[in-house]
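We call the chains A, B, C and D, going by the order they appear; numbering starts again at 1 in every chain.
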Amino acid sequence: MHMQQPDESGRFGDFGGRFVPEALMPACLELEAAFKEAWSDPAFVGEFRHVLAEFGGRPTPITHLSRLSDKLGVRIFAKREDLAHTGSHKINNVVGQTLLTKRMGKTRVIAETGAGQHGVATATAAARLGLGCTVYMGELDTQRQELNMFRMELLGARVVPVTSGSRTLKDAVNEAMREWVTCVEDTHYCLGSVMGPHPFPWMVREFQSIIGQEAREQMLSRGEGVPDMVVACVGGGSNAAGIFAGFANTTSRLIGAEAAGGAAVANGSPGVLHGMKSMLIQSEFGQIEEAHSISAGLDYPGIGPEHAHLAATGRAEYVPVSDDEVIPALQLMSELEGIIPALESAHAVAWIIREAGRAIPSGSSVLLNLSGRGDKDVAQVREMLKGQQ
Amino acid sequence: MKSLERALRQIRGEGRKALVPYFMAGVTPNWRDYVHAAIQGGADAVEIGLPFSDPLMDGVVIQEAGLRALNAGTTLASVCAELQQESFSVPLVAMTYYNLFHYDGLERAAGRLQQAGITGAIVPDLTLEESTHWRAVCASSDVATIFMVAPSTTSDRFVQLAAATEGFCYAAARMAVTGRAAGAGDAQRVVDSVREVSDVPTYVGIGITQPEQARESSAFSDGVIVGSALVARVLAGDSPVEIEGLIATFRDAIDG
Amino acid sequence: MHMQQPDESGRFGDFGGRFVPEALMPACLELEAAFKEAWSDPAFVGEFRHVLAEFGGRPTPITHLSRLSDKLGVRIFAKREDLAHTGSHKINNVVGQTLLTKRMGKTRVIAETGAGQHGVATATAAARLGLGCTVYMGELDTQRQELNMFRMELLGARVVPVTSGSRTLKDAVNEAMREWVTCVEDTHYCLGSVMGPHPFPWMVREFQSIIGQEAREQMLSRGEGVPDMVVACVGGGSNAAGIFAGFANTTSRLIGAEAAGGAAVANGSPGVLHGMKSMLIQSEFGQIEEAHSISAGLDYPGIGPEHAHLAATGRAEYVPVSDDEVIPALQLMSELEGIIPALESAHAVAWIIREAGRAIPSGSSVLLNLSGRGDKDVAQVREMLKGQQ
Amino acid sequence: MKSLERALRQIRGEGRKALVPYFMAGVTPNWRDYVHAAIQGGADAVEIGLPFSDPLMDGVVIQEAGLRALNAGTTLASVCAELQQESFSVPLVAMTYYNLFHYDGLERAAGRLQQAGITGAIVPDLTLEESTHWRAVCASSDVATIFMVAPSTTSDRFVQLAAATEGFCYAAARMAVTGRAAGAGDAQRVVDSVREVSDVPTYVGIGITQPEQARESSAFSDGVIVGSALVARVLAGDSPVEIEGLIATFRDAIDG
């Protein structure tokens, strides 16, 4: 059931590791030790599961998408992370990291956010534990996502607009790391995906693997067996890693749907960014390119190092999905199933729609990780559909 | 021992504190004139910033300089090619992020530096643990690998980093990226920690913005690095001659 | 555990009944018969529960609000209807009614909506079953809640702006009833609360009573016993009726928090509206007044007839909460607990904050029905807080 | 048998089809002039709308008229007081919603109607099942309770409603509120269903907008009710004289 453990240096095969200023190394080492210790302590694991159950809304159900299935000729099941508290899988990770923050005796967290989902989730978990919280958000994103900014403030967080670089997610990560240097003593950096320096990719995957564990049990207990395919969207890759974790040692094919404008596996090459070695989209001179995606959560030029490794070994496949396919997929899912998916999750839906009867043989069973709900995206979708008319 | 460390140890041997200014390559078409001017003003070595899209360890000033350089088309190759056309009377040290070397290929990147007359590299996101390959590649060249130590560095890491660094040890005065705050901060404790375990030259950086601060920090170290304070002047349009004058005031403060 | 059954004519004590045009009487009678039959058929009840589990996200957890509890000196537990699909308890009712629609052989539903919560829920459940769906929404509300209108459209529903009267919820109900007359043959009117003509108040309460059943089991199984108080906000009263249903035959005090500007029990008198006899806010000449509340879901001049009866018998108490108290309550809940409540639900929170140590003796245990999430309200709250500065 | 039904049966006895126009009380200050004009034009009885905030059974035209009347301060009491000052040569029938009577108190409301000379009440949201109390109150007065039947009415309900209705039976021509569509619709089937079980006068309403439609429907019923078509003219500013002319064209069509 379990995915591979990283080696001593935090590598998954050739990828991962730690590429951070020396000032942060002690914190990374401390974090690794603290996580290892906590994660093998049944009391901590129990608390983590308890909070996710009583606060986070776990387990999330698996819904058989019967009308979409009939239409496409495949059996589709959705793991409903959209029903988790704050509207996506992000809550699993932040509950884990904030509990760990407390355990390490730190009193504050910082986080980066793109569209705001991870920022809202972090502010939420921090509020519950009474931790201070500052969220770094690209200035462009603060303008595009004013309401999420206000949501974080309601939750007691301070939101700092990041004015450097492209003023989006990539720069928010840079800025959060720069800030972490200044306050690492009492502050934990609550990273939002399976990326960054070791132990983050591993730790975040472990916290998210509850998705896959539940999903596997649920598929088995409803008599479906393991699905032929497991499909998830991939920005940094935390929701994908979480659900893959339940099926890594089965015969399920694992598919990660990347935004075509940020397809680090299809269009990237190995490189070093944000503390990790992974697949990145780069210019011909080794500068990191900006990603371009309709969905803020996939608007990242890299991918988590474990995914780079799974791609290299062929255990998982990563497929690009273009912006054009995403809106129709969101519409079809809404109309047929009464679930408005997040634009991120709609990438996975779009791939299934495109490939049913092709890369997905008719009659296959497909487990879709519905990583989040689309409420955050309806204003944007509305503008785009207006623009099309 | 690589040429950089020999040169820097000799400076210390002469009882002189080292002054190491930083300039961003490619920030203006005449960027190399600033390097010459700095040497004229009394620099003992010069840090050459190679611009990177995601400078994790830099504050707004150096970020801005990097952005200008990138927009002007500056690359690792272009900088090395430009430097190759000239020669400088003090050692040059590259400062950049690991991806530039990684993308180029480590052998090729090290070869470029060497040919450009760069004798050392500061790569703040290349941790000691991840540096094995790079250091192995540089072993056969004259490019030194310079490590940083910081106020958060633990005692075992002081031992390892001081042992591994070549040329000098970069002592960060504070927990911050470049250009954020000024003053000696924790520098003395950091320098002392290096000295307890090594006799490598140890220079203080991150926060040296005024000649007086340079004097203060050089009193308990082997030299100082001045970055954002100079880059800010370059961005503001100061001429090489003005920069030469500014460097000279640092020189005087340190020596006087 | 159960609440009272209405009598043959659909009365709870003096309240309830059926006051509809003759054209609708056969449909009301048919619906009553169909619901009775279905509700005593284990297959239907099983399907209802199955859909709520696999699609609706039930059971919703109970969260101990430990930081708010500490601050107020009472033990507060929240039933997390905000985690249900579409963001509130409304899904329980619409799943029941759409399943019944199908069972009755009808192919279409219509619904009224105020802010859009019930409309979105209805559109959602209709999409899932492939039923046609038209939602009537006061024109003023369509302007105030453009995004919810678009959400319904994404889900395949048609939204009709209602231009009569005050152009808000009350008129949307009138218009839905007028429309129902024209299409009652193939169309079910999916009413959104425990109001309207018999059997709606009873049927909706039965569908919502899953809240109370779960909550009671959850309180008992966590060793808390029945709470000293059960507090819910009341617009029409469906979420309140749902949670009260689990505790009606216990010693729990039952409290309904009404918006002060629509406090039908405190400021109303018996009257007849929308097919029912209940407590209503009326002018001195028997005209129905418009309600005024910060929260669209409580912006209704009446209350469900069963609540009028519970008020008359004293089994439940209904308390007005003013607009001014609601925003600080929403803020406190967000900051301390990491849960942004719906403005409606924030009325219940506000009452607890106001009365802790007063009407609620220190040390009491209080079960709060957190009927919905505040995401729909953040834009409005933001504007209001801006206005205050 | 109450006076209303006696009068209406007599009209039928005379071989005449009844024409019953509807006016909203209080819609204009001179609203009673329209009632007089209608009688002048040939009405056999007049429906007087009492405005209610939430007219569940009315379309936009009568809603608008009601709103104007309410804004002018019209109440059950004010209408009854105004009517009391005059007398009319044909029966008047109130049309309103139950809450107005309920709020006033049933005895008091019935008393007001009686004193105002209103001899019947159509209350579309008062179902047969809920009407017991109201009918008991009216039993001691001369106010008749008129029930509607509709295309959806089931056969058992036809029996009960036809038996309970006093004055006449209101046969809705279609499944719709007032003023939505025009023509006889299902009226003939509805009227026939009443006739099978009762000999109460049965009038067709909901959708009679043209004289020709009135003629058509009165052919298989005992009369017609014309509402929104007239109210629309009043709202548009037609004078009582113009309304009298309009009514006369209906009269002629029915009689001709």
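To be clear about the criterion, a contact is a pair of C-beta atoms (placed from the backbone, for glycine too) under 8 Å apart; a residue touches a chain by one contact, two chains touch by 3 or more.
Note that the coordinates shown come from a computational prediction; the quantities given were computed from them, not determined experimentally.
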Touching both chain A and chain B (chains): none
Centre-of-Cα separation between chain D and chain A, whole angstrom: 66
Whole-Å separation of chain centres (CA-atom averages), chain A against chain C: 34
Between chain D and chain B, distance of the C-alpha-averaged centres to the nearest whole Å: 97
Multi-chain contact sites of chain B, meaning residues that touch two or more partners: none
Set of chain A residues in contact with two or more other chains: none
Chain contact graph, described as a line, ring, star, complete graph or other shape: line
All pairs of touching chains, each written as two labels joined by a dash: A-B, A-C, C-D
Residue ranges of chain B in contact with chain A within the complex: 52-60, 63, 67, 70, 75-77, 97-100, 102-104, 124-130, 147-154, 157, 161, 172, 175-177, 180
Complex contacts: residues of chain A adjacent to chain B: 9, 17-27, 164-165, 170-171, 174, 177-178, 181-185, 269-275, 277, 280, 282, 285-288
Residues of chain A touching chain C in the complex: 53-55, 57, 60-64, 67, 80, 83-85, 87, 123-128, 130, 147, 150-151, 154-156, 330-331, 334-340, 375, 378-379, 381-382
